[in-house]
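Dropping the structures in below, format is C-alpha cells.
One chain, subunit A, links the two complexes that follow: it is found with subunit B in the first and with subunit C in the second.
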Partner chain A sequence: MAAPGLSAARPGGANGREGAPALPTGRTIELLLLVFAAVIVTGALVLVEANQEQELTPTLLYVGLAYLVVLTLAHLAVRKFAPYADPLILPSVALLNGLGLVMIHRLDLADQDRAALLGQPVPDSLVFKQILWTAVGLALFIAVLWLVKDHRTLARYGFTCGLVGLVLLALPGLLPSSISEVNGAKLWIRIGGAGIQPGEFAKILLIIFFAAFLVQKRDLFSTAGRRFLGMELPRARDLAPLLVAWGLSVGVLVVERDLGSSLLFFGILLVLLYAATERVSWMLIGIGFFVIGALIAYQLFGHVQVRVQVWLDPFSDYDNRGYQIAQALFGLGTGGVGGTGLGAGRPDLVPFAESDFIFSSLGEELGLIGLASILVVYLVLITRGLRSALAVRDSFGKLLATGLSFAVALQIFVVIGGVTKLIPLTGLTLPFLSYGGSSLVANYALVAMLLRISNAARAPLTRRPAAPAVPIADAGTELVQRPAVGPTTGPVPGPTGGRP
Partner chain B sequence: MNTPIRRIAIAVMALILLLLGNLTYVQVVKAGDYRDDPRNQRVLLAEYARKRGQISADGQVLAQSVETDDRLKYQRQYTDGPAYSPLTGYYSVIYSSSGLERYADPVLNGSDDRLFARRLSDLITGRDPSGGNVVLTVKPSVQERAYQEMSEKGYEGAVVALQPKTGEILAMVSTPSFDPNPLASHNSATQQQAWKAENAADPATLPNRAIDQTFPPGSTFKLVDVAAALQNGYTPDSQLTAAPNIKLTNTNTTLENYAGTQCGTGQTASLREALARSCNTAFAQLGGELGADKLRAQADAFGIGRSDLSIPMPVTASGVGDLPDTAAVQQSSIGQRDVRLTPLQNAMIVASIANGGQTMAPHVIKEVQGPDLDVIDTTEPDRLGRSMPAGVAATLTDMMIGSEARTSGGGKITGVQIASKTGTAEHGTDPKNTPPHAWYVAFAPANDPQVAVAVLVENGGDRALEATGGSVAAPIGRAVIAEALRGGQ
Partner chain C sequence: MPELVLQLTRAGFLALLWLFVLVALRVVRSDLYAASGLRAIMPGGGRVSAKAGRSRTARQLQVTQGPLAGTRITLDSRPILIGRADDSTLKLDDDYASTRHARISQQGEEWYVEDLGSTNGTYLDRAKVTGPTRVPLGVPVRIGKTVIELRS
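Right after this comes the complex of A and B.
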C-alpha cells in the first residue's frame, strides 16, 4: 500500500506539489507503522510476563488495551487535525512510549516480588500511573493539534511563552525545599502525592520564545562585527541573548542544582542562535562561555565535583556515590550484545531503574542490539523533525522545529551518555521511555508541535493562489529580497532547499 | 537557514554515533569485566533464584534447596553434612562450590543438555524452572557406618567401598570432615567464619582424601607385584628369599621384613607364603626380577597413572614414580619410595581382582532425574580396561584369602570369606619414628564379590608407631564389608 503512495509523490517533485491535487497524506503508512509498534510492544509485554510471572496476568490486558486506545486516539487526532503530518514521527513516539511502559511494568513486578519476599506492603504500580500520565499527555497532544491550527500563531505569543517559561523554570528554585526538592535537585512542585517538574514545560515555552525572538531580530544578530581568524565576530552588544541564555543556565545550576537542565537549556539556545544567524562564530563563542561556566561551576559547587569524580572512576566510591553508575555498568555488561531477555535480568538492582536509568535497564535485558535499535528510533524521530524544519516554509517554523528536535537529541545524549559513563551523570529523564509524568506530558506536547510544523511543510498550499494569478504588485515584493544576506522567509524553498 | 539545520542534523548523528560507540565499548569490550566483577551479583542471583536440584542416595535426601524469604530465594541444606560432605561438597555464595555441587552443577542448576526438553516445557507451561536431581550409587548405611567407624576413633583417613561388578561407589568417606551447612548460609558472617575455621583446621577438613590426595600404599601394592608375576611365569609356589633382610642391588641400603623376622620357617618362601606373611625381602627380590617395565605396565593396567579419571569429581592421578634402577624397583615393589595411590585407586585394584581382572569405571552418580523425580539418564557400568586374565584373578583371590587368614584385628565376619591385603606404609622424613599409614584393601564374599573396600588410616590412628594395617585399618574394613553385605543381600 505504501509503495504507490510514495511513487505518486515523485512525478510532481518537490516544487510540483503545490499543483498536485491528490497528494498522499502518509496516514496509511503511519497506521501500518503504529500497528507494527503495537505488535512489538505487545510481544515485549508477553515476554516480560512469561519470564517474570511464568503466567499471563490481567495487568497485561489492561496495559495493552490502554496503550492501544492511546495509539488509536493519537492517530485519529492526527488524521483530523494534521492530515499531512510526517508519518514516521508518531509511530516512533508510540514505540518508545510502549517500550517504556513495558520496562516500567517489568520493574513493578520485580519490586512487588521483593516486597512480598520481605513481607512489606506491595508498592504502588508505577505502570498504571505512567499510563495515566500517557493519557494526560495524549490529551495535551490532541489539544495542541486542535488549538494550534497554524504554528505561526505561536510566534505571536513568543514573549508570553518566554515569561511563563521563565517563571516555571524559576518557581521550584524559589519555593521552599520541602515542596521542590527531590534527591538533592530542586526541580519539583509537589502538592500532596503528585508532583510535576515545571522545567520540562519551561523547556518548550523557552524554545518557542527564542524561535520567535530570533526570527524577529535575526538581521540584527547577523550584522557583522570585526573579522577574526577568518570569522566574522558579532558585535559586542549583540551578545546579549547569548549572555541571557548563559545566565539562565547558570541560574538553573545554582538555584536548582540541576546540571542536566542547565546543560540542556544552554545547548538548545546556542543551536537556535546558530541556526538563525548561520554564524559558526556564535557557536565557538558559546562553547567558550560553556567551558568558562563549567570551570567556574566545578570550582564553586561541591555537587559538580562529585559528579565528575564519580564519572572518572565510579568504582573507587562503589559503596556510596559510585554505586548507581557501577550497577548500571554491571547491568549493561551482563546484558552484553544480546541481553538477558526481557524479564530475565536484574535491572531492579540499579537505583532509579525506571526513571533516570531506564536505558541501562533496557540495555541489561535487550542488550546492545536493543539499545542500538532504540537509538535508531530516536534518530528517526529527531531527523524527521529536522526534515520538517528544512521543508517548512517560514523561518519561525524552521527555528521552532529545529529547537524542538534538537532538544530531544541533546536530552537523550545527556541522559544516555551519563548512564553509560560517556559524560558525567546529570539526572534527566529519557523522553518517552522514562517513568515521569511531566517529562511524558511535555514531550507529547513537543511532538504535537513537530507534527503541526511537518503538516505545514507537507500540506498542499491551498490558500496561496497559483503563480499566474499572483497580482503583479505582490510578485514584485519577492524581488526585493536579498539572497546574499542569508536564507529568506520567502515562499520558494522546498524540502530540498535549493539555495546555496 | 537550511545549511545550519543540515549541519545540526549531522551533529546529531555524530552524537548518536558517539553513544553507539561508547555502548559498544561498555557492552562488548568491557562486558566480561563487568559481568564477572565480584561486586556484580547478577549471575549469582540468577543461579540462586532457580530451585536447585537435590542430591539423594537410596531415597535419602543428602542436599536440597529450601525456600527462604531473603533475596537469594533458596537456601541449600545438607542432612548429615560431615558424613557426606566429601561427596556433596559445599555450595557457598562467597566461596563458590566443591564436590558434586560443583561437578554435577549443570544438572543441579538445570542447564544440562539432558534437561533441555524440560526447560522448553517450563517455558511454555509456565512452571517455575528448576534444576534436575542427582541420585547417588552410595548406600547410606555403608557410608554412615564407615564415617562412624573413622570419626568415632578420631582417625584421619579415608574409606572407599565399590561394587566391583559395576564400579558403583557404595561409600566414600574422608575424615576429619566438615559441615557444609554454615558455608551455604545466607548470612555472610556465618559463611566467612566457617570458611576461616575449615581452612585453618589441622588436620585439613576440606579435601576429600579418597580422591584429592595420594599416599604410599605400602604392602597393599604387593597385589600389583603378584598380578604381574602370575602373568610372567611365576606361580603361587615359585620360591623367593625368606631372609629377614637384604641389601638392595648395588647399594648399601638394607631392606628388612616387618619386625625383622624370617619369612616363614624355610630358607625360601613360596609366593603364596610371602604374600600371606607380607614379606618385604621376597617382594623386593620379585620386583627386581620382574623389572621396572613389567611392574609399571601392570600398574598402568590397574589405572595407576591415569589423570583423566572423574567420578564426576576429578580424581588425582596415582603413580609409581621414577624407577631408574633395580634398587628403586625393589623399594617400589613394597609400595614405598615414590609409589603414591589415592584410596580410590587402591579400592579399584581390589575391585578389579574381585571382578575377574576387569576394572570398572568408578562412579558416584546412579541417575539423573528431572525436577519431578522422573529418571532422565542412568549411568551404565563402563569398563576401564583389563588388569589380568580371569584365571590369574582367581589365583590372586585365593592367595588374598590366605592373607586375610593371617591378618589380625577384630571384626571378622562369620560365614563370609574375605580376600584382603594389609599395608603399613612408612612415610615422612624420619620413617622409623613416624607413625605409619595403615591400609586394608579387601573384597567379599571371595566367591561372588559384592563389595571391595580400601581403608586408609593416616599416621597410625590410635596405635601410633605400633600401628599396622591389620590392627588399625582391618577392623574398619570388615565392619564396612559387613554393613555392605547386610544391606546388599
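Right after this comes the complex of A and C.
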C-alpha cells in the first residue's frame, strides 16, 4: 500500500500569498480509506452470503449499493462543509457501520433459516431497517455539518441544549409503560411501529450543555478551595454540578431501569469536570460518589442485584438469567483466535445477538484477531477525536470534543466489558456496530460534531494583513525576545563571577 | 463452500481488516511528524531557508547537552551572549556559569567564541578558550553543564 501522502488536494491559491504552503486537507486520504472500507465490507458481505446461502442473493446488491451511496454522500458532505476535517474519523465510522450491517444481515439469514426450518413466518429483515436508520443518520450528519458552521455557536445554546436534553432523558420515564417500556427498561418512545430512544440524543445535548457550562464557570471550580492531603478540595457549594449529575444518573437508574446510561452520564460529567479544572480531587470525589451510588443501588434494586449475580457466575443460572452471557462466552470461545469465518459460526444462539451482543457475534466469526482490529479502529476514532480536542484552540471546543470522544470510549468500554464479563452487563449499544436506530442516528450526529471541531482545529488560520509600520515615536512598548547586544568586540563591562 | 476456500477467505479477510488498521495508523504517524493537528506557524509568511544553497555557513545554534538541551537559536548577524544574566541571548540557569560567560559573534563568514572572563572557563571541544577562537560547524562548545554546537 502506497504511503498516503498528506499533500493531497490543496485548496486553490486563495491564500497562497508569500509562498505560504497550503495545508493538506486530507480529503484524498479519506477517500482512499473509504474505498478500502467499502472493499472490506463488500468482501464481508460476499463471504457471509457464500457461507450461509451458498449463493449470492439480491440482498447483497441492495445492501452494498445503499452502503456505497451513504459513504459517497457523507464524503461529499465533508468535502463541502468541513474540508479540513480529520481524514480518519469518517473511514473508521464507515468501516464499523459496514461491519455492523454485514453482521446484522448475517444474523437475519440465520433467523430466516431457523424460521423456515420450524415452519414459522419469516421474521422481518433487520438489515433493511438498519440501512434505513443509516440513511436517517446520514441526513442528520449532513444537517449538523451544514447548520453548525462553527462549533462555538453551540455554546450559546448551552442551557437550551441542557433543558431539551433533560426533557428527552426524563420523557420515557414519565410516559406510560405501554409506550416506553421494552424488555423491562423504560427507554423508548414508541409511536406506531417505529421507536426511538431519546436518551441517545439527550447524551449529546447534555455534553454540549456540560461543556458550555464548565467553560463559563471553570474558574469557580478550579480556584476556590482548601488544600487537604496535597490536593485542592473544591468548596462544598461547587459540588452542586457533580451532585446534579449524580442525582440525574440515579434518577435514570430508578425510573428507567437503565444501568448503562446512568453510568455513562456520570462518567462523562466527571471527565469533563476533570478536563476543565485539572483537579484530581474531582475524580476521587466522583469515584467516591459512584461507589456509594452503586452500593445503594445494589441494596435497593432487584435488577441491579440480578446483573451482579449473573456477572459473578453466569453458569449458576445457565438456563435462565445467565443464558445470554454464557452463550456469548461460548461464542467467543468457539471463535478463539482466528474465528470460524464469516457466516460459518452460530452467533444467532445468543439472545439479542444483533444489538447488545453484536461484539460476541463478531468475536465468534472473526476471532480475537478480528476483534482486536475492530478495537483498534475504535481506538483510532477516539484518539482522533481527542487529538482534535488538543489541537482546537477554544476552550468550549476542547471540552466538547473531549466529552464526545470520551462518551464513545466509555460506551465501548461498558458494552464490551459487559459482553466479555469484565464488568456487570448493562444494556447499551456498541456505537455504529449494533442494531439500533437511535444509537446509530445519534452517533452520526456526534461524529459530525467531531468533524466540525477537527475542521476548526486543522484549517489554516485566516491571515491577518500585516500591521502597518508605525513610526517609532508612536509605537507601543513591545517585548522582544532577544535583546540586541552592541556589536562590540572588546570585553563587555559587567559583573563576572563564578559561583556566587 | 469448500473447506480450503473457507479457510483461505477467513484468513484473507482478517488480513484485510488489519491492513486497514495499518494504513490508518500510518496516516496517524505521518500526521504526528507533520504536526498537522497543530497549526503550521509561518512567521513572515515564508520559510527561513532562503539561503538553502550555502550549507557551509552556520545558521543555527543548538544546545546539545544540559538543561536547555534541544533549544535552537537561529543565527543572524547579531552576536549571541551566553550567561546567567537576564539579558543574555541564551540564559543559562547553571551554577557553573557566570553572569556574562561567553559570546559567540560573527566576523565575515565565520563565527568566533570569546570568553568574557568567566570563572569556570569556556571550552571549545577540549581546549580552553582564551581569546576569540573560530568555531567550526558541529564542534561542541562547553559552558558549565551546557554544550552548544553550530549547525548549518
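Here is the rule we use: the second predicted complex is superposed on the first by the 440 of 500 C-alpha atoms of A that agree within 3 Å, B and C clash if a C-alpha of one lies under 4 Å from a C-alpha of the other, contacts with A are read in each partner's own complex, and residues count from 1 in each chain.
The rule we apply is simple: a contact is a pair of C-beta atoms (placed from the backbone, for glycine too) under 8 Å apart; a residue touches a chain by one contact, two chains touch by 3 or more.
Fair warning: this is a prediction, and the values are worked out from it, not measured in the lab.
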item: Touched partner set for A:L95, first subunit B, second subunit C, both or neither; value: second
item: Partner chain in contact with A:G367 - subunit B first, subunit C second, else both or neither; value: both
item: Contacts of A:S395 with subunit B and subunit C, given as first, second, both or neither; value: first
item: Which of subunit B and subunit C A:G345 touches, first, second, both or neither; value: first
item: First, second, both or neither for A:F406, with subunit B first and subunit C second; value: first
item: First (subunit B), second (subunit C), both or neither touched by A:V41; value: neither
item: Touched partner set for A:L386, first subunit B, second subunit C, both or neither; value: first
item: First (subunit B), second (subunit C), both or neither touched by A:F330; value: first
item: Touched partner set for A:L140, first subunit B, second subunit C, both or neither; value: neither
item: Where subunit A meets both subunit C and subunit B, residue numbers; value: 50, 54, 340, 344, 367, 383, 390, 487, 497, 499
item: Sites on subunit C touched by subunit A in the complex; value: 1, 6-7, 9-11, 13-14, 16-28, 30-31, 34, 36-40, 42, 44-47, 73, 78-79, 81, 85, 87, 89, 95-96, 98-100, 103, 105, 107, 114, 116-120, 132
item: Contact set on subunit A toward subunit B in their complex; value: 50, 54-55, 114, 117-119, 271, 274-276, 278, 318, 326, 329-337, 340, 344-346, 349, 363-364, 367-368, 371-372, 375, 378-379, 382-383, 386, 389-390, 395, 398-399, 402, 405-406, 409-410, 412-413, 416-417, 420-422, 486-487, 493, 497, 499
item: Touching residues on subunit A, where the partner in the complex is subunit C; value: 1, 3-6, 17-21, 23-24, 26, 29, 33, 36-37, 39-40, 43-44, 47, 50-51, 54, 87-88, 91-92, 95, 338-342, 344, 366-367, 369-370, 373-374, 376-377, 380, 383-384, 387-388, 390-391, 457-458, 460-461, 463, 482-485, 487, 489, 491-492, 494-499
item: Residue ranges of subunit B in contact with subunit A within the complex; value: 1-6, 8-9, 12-13, 15-16, 18-20, 22-24, 26-28, 30-35, 37, 39-43, 45-46, 69-71, 73, 123, 126-128
